[in-house]
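Next up, some structures in structure tokens.
Here come two complexes built around chain A, the first alongside chain B, the second alongside chain C.
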Partner chain A sequence: MKYLSEYRDASVVNQYLEELDKITTRPWTIMEICGGQTHSLVKNGIIGLLPKHITMVHGPGCPVCVTPLHLIDKAVYLAEEKNVILCSYGDMLRVPGSKKSLLEAKANGADVRILYSPLEAVTLAKNNPDKQVVFFAVGFETTAPANALSVLHAQRENLKNYSILTSHVLVPPAMEALVNDDTNIVQGFLAAGHVCTIMGISEYYPIVELNKLPIVITGFEPVDLMQGIVMLIKQLENGEYKLENQYSRVVNSEGNKEAVNIINQVFEVCNRVWRGIGEIPKSGYEVKKELALYDANKKFNIQIDEAQECQDCIAGEILRGIKKPNQCPQFGKKCTPINPLGAPMVSSEGACAAYYHFTNVE
Partner chain B sequence: MENKIKMHLTCPMPKFDFDTINLGHGSGGILTHKLLNSGVFDILKNDLLNQKHDGAVFELDGKLAFSTDSYVVNPLFFPGGNIGELAINGTVNDLAMCGAMAKYLSLSFIIEEGLPMVTFWQILNSIKQCCIKANVQIVTGDTKVVEKGKGDKIFINTSGIGVLHKHANINLSSIQDNDIIILSGNIAEHGIAIMSQRVGLEFETDIISDTTNLNFTIQKLLEKYGEDIHFLRDATRGGLASVLNEIAKDGNFGVDIKQIDIPVNEQVNGACEMLGLDPLYVANEGVFVMVVKREIASNVLEFLNQDENGKNAKLIGFINNEHVGQVILQSNIGGRRLVNMLPGEQLPRIC
Partner chain C sequence: MCLAIPGKIQSIDYVYNGMVKMAKISFGGIIKEASLEMLPTADVGDYVLVHVGVAISKVNEEEAAKTFEYLKEIGEIDELIEHTQVDKN
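Moving on, here comes the complex of A and B:
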């Protein structure tokens, strides 16, 4: 597999490990933002190979984990409406709502479909004119273009029975919020490569400058991650703070202009509640008011109470990097992937699930 | 795959009064008899089935193995096979993994009304071809029809009985510390072949299901290596990871494997990356895991590599007493991680 195998080369990883050993003189705590990076670090066993005094904390970059409980309840509510086909990406299905998950709703007869693309949902709407098709549009800047495009397609086809239930979240405001939190322990970031592929890199300069904190935009393969960590530790050891791009084979500074253009046609920035973290100003996308017809939040009269989070779940501390999953008293006991108390135990990108599946190596 | 059964409709479909199966075909009345007599019995005919008893009456010598499995695959036809082939090969292979040569099978259908007769006929033909290839006979069976919406086109159950090889001692309790784990071929091909055909997920690929009968391969191995083969299991649902976890958890051993030694076809790997699936958990229908005595492992591998069903076989790891209950994988870059059981279905990722 070209462009992949060379980034999974054990000898290159070892060279970076040796270099890291040489350059690291004191303890550092760094955060990888994206859940995909967490997954790769744990799945490839990289965390166990790093020098002991480098601590990786796992960021909030798992869309499944930060989607608010209330919104999952809304999705379940809609799925249980007789006339609705609720479509979702696969890993949202197992996330526990306050009463049930979408998977449980499906087992009870709700029409819930797993799709890989929202454009399939538009086709579904076209083929089922007597049904309302709702796409559960979660994710970061990475999934926003496709979700926005589905609205444009529905508009072009003049479909009245397609809408999206949005909970889009944005990375840079979350990084700001993390750094400015009193409990922050993070000294540098590996930024999410794919988010920058869409949005470009300009949003990160102010975070670097204002907080005097190094950021390295990083990919997802073992060699990418190792190189990103080395670049970040070098900056920290030298007392520098710069924005660097490890993932330049995919990320260019302007991002994908066409994709951003599509996002801007459909979405506008809004305040957003992050599950486990709370409300972060200007940290999400919602459907523009003039496209309300395609906004399931407005289209349907969803009347459900705001539910309380499970008190035993420390997802907030996990998502802010204050605690590691295995420091949670419920980890692997009351909380497992089969019976998750909180979202990070569900998605394969969630830090708790990644730890549960891939660690415990004695 | 050269040993795939080529679907020729060598038995022309008899003239039935209906184009589709309806509730009457499961009523036990005239329609049922017509379907059975001019259809099922005729195509699957053998001495025991021809007796038309309520059950089959026969004698067998030696220690026996008995197994059952139900088949509910969707779609019914997929690259490299169909539900009928799975139903025969699956039960034949379950018996093979016990160390037995399958001899007689039962065959039961639960059909949703409205199934096109031609579909039923194609499935039945595949069943016949598979029986010939695996040298087994269908000796008893049943056909039920359920209302539209109460099933999903067709479900099949087969049970099978077979005679154990005289040197077979296949058991979790036969596994020893330091034994070697052999994997018989490329993983995840069946699951990805099915996935490539699912509505809403269609993607173009040359990957075909690996469904095949493994009974002759296993018998040859037992003939040559007998009791030094300690354990066998086909890596069907739940994939390779589940079998290894069963060995670790039910057998009270530690299992160590190396990712680099696990054979995965490049296209399959690509499809897994695209879909966000881990090939270790994807289903197989013609791949088995074998635990053998360390001293004979390389000879077994060489022998297995000569067989059509083992040409891609590899030594993938070993048994130990160190991390009991855990499967630990050394990743391609040298890191170590746990390989756990899957909680429910593998669900595709968002991004």
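Moving on, here comes the complex of A and C:
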């Protein structure tokens, strides 16, 4: 399915488009946070159908895209150690490090595996007692409980050969950093539904109040996105700023308490470097000190130099919403999904890959 | 990788001395294991959203069907099948 016309609820989306046309009187710039939402907006051709007045900028909500180069180099280094099985989610393997990607390390003989779940990595560790199994644990709040749970399972199994290399990022601090940046052009956010399924919605009230900026928690299907955009534009046109929940059929305001509890058993909040954006205070999770045995960063003595980012790639500007992928000189030329120069061209949730696959977008 | 996929709980096993509930979950016929530790009240027959091997919230049947169909349209389910095969080696 490429375009809206092929989508089963196309008529509902069209109704929202008509409504949006009616209510929009001025130019507005809004951002969707989640890469799954970017993917959906671009893939269904919605971006091209929105009223000219509305500009969508695509947020940094792709964990693969914001994982720092240095950590990818670390993962490659570990993968190339003799006794290590390095595993991660599929997209992570193709992201170019400063010298190579994990996939290239695999082609050269390193034991690198794609897994669907970190819990499978624990089983792998149990079945390979003579190997060190390292799970490259990237993700937002949605993925944090599963990654944390893998540590608890390893602990229950009394495994000494399982650890995680964490690159966990948190959404609300990043939203704050974006609106506080001098270059900010975003006037309202569609917040990521699945992140709120875990964490609840309370963290967003201060962002709304302090910045007088509306936020609508939104799902990722075309109808959800259209409804979210309409709710957001209505607020903007009326001069309101509120936190609204479009995705209440899945997100309740408290979130999932058991999941938060599991996160808190394993992780603590830390400052985190976001690729292309820089360090954002209190915007990530790292493994708690007392669980250092399960923290690949502490367990292994990884000595590699901080590498330079590829000069041709403007991912930093893409991730902050300052430029669109098709404004990058390398887009579709030197940089394609088969031969990506930067992470946003790798993951299906990355803005560059979404534009590459589905543009008839201006 | 950020999306959660809806499926139906087929059966539940207790592991780690009965401390932990693991479920067999059917995603349109593809069976995968998922932990129910974050949804202690989930039971056989319930529909749940599963993200990287962990069930994170309950949904109703209608919502599950609708979301599943959409994920299929955008190719996310293919990814699940692909990774199911990779897991086996």
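By definition in this document, the second predicted complex is superposed on the first by the 351 of 362 C-alpha atoms of A that agree within 3 Å, B and C clash if a C-alpha of one lies under 4 Å from a C-alpha of the other, contacts with A are read in each partner's own complex, and residues count from 1 in each chain.
Keep in mind that, in the parts below, contacts are C-beta pairs under 8 Å (C-beta built on N, C-alpha and C of every residue); 3 or more make two chains touch, one makes a residue touch a chain.
Predicted model only: the values in this text are computed from it and were never measured.
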| item | value |
| --- | --- |
| Partner chain(s) touched by A:70 [first = chain B, second = chain C, both, neither] | neither |
| First, second, both or neither for A:118, with chain B first and chain C second | second |
| Touching partner for A:358 - first (chain B), second (chain C), both, neither | first |
| First, second, both or neither for A:220, with chain B first and chain C second | second |
| First (chain B), second (chain C), both or neither touched by A:90 | both |
| On chain A, positions contacted by chain B and by chain C | 1, 8, 36, 43, 63-64, 89-91, 113-116, 120, 139-140, 142-143, 194, 347, 349 |
| Touch list for chain A against partner chain C, complex | 1, 7-8, 34-36, 39-40, 43, 61-64, 89-91, 113-120, 139-140, 142-143, 145-146, 149, 153, 156, 192, 194, 197-198, 220-221, 249-250, 256, 258-259, 262, 347, 349 |
| Complex contact set, residues of chain A against chain B | 1, 4, 8-10, 13-14, 36, 42-49, 63-64, 89-94, 103, 113-116, 120, 138-140, 142-143, 194, 222, 336-338, 347-349, 356-362 |
| In the complex, chain B residues that touch chain A | 200-201, 266, 269-270, 273, 275-276, 322-323, 326, 328, 330-338, 340, 343-344, 347-351 |
| Of chain C, residues touching chain A in the complex | 1-4, 16, 19-20, 32-35, 37-40, 49, 51-54, 56-57, 59-60, 63, 66-67, 69-70, 73-74, 79-80, 82-84, 86-87 |
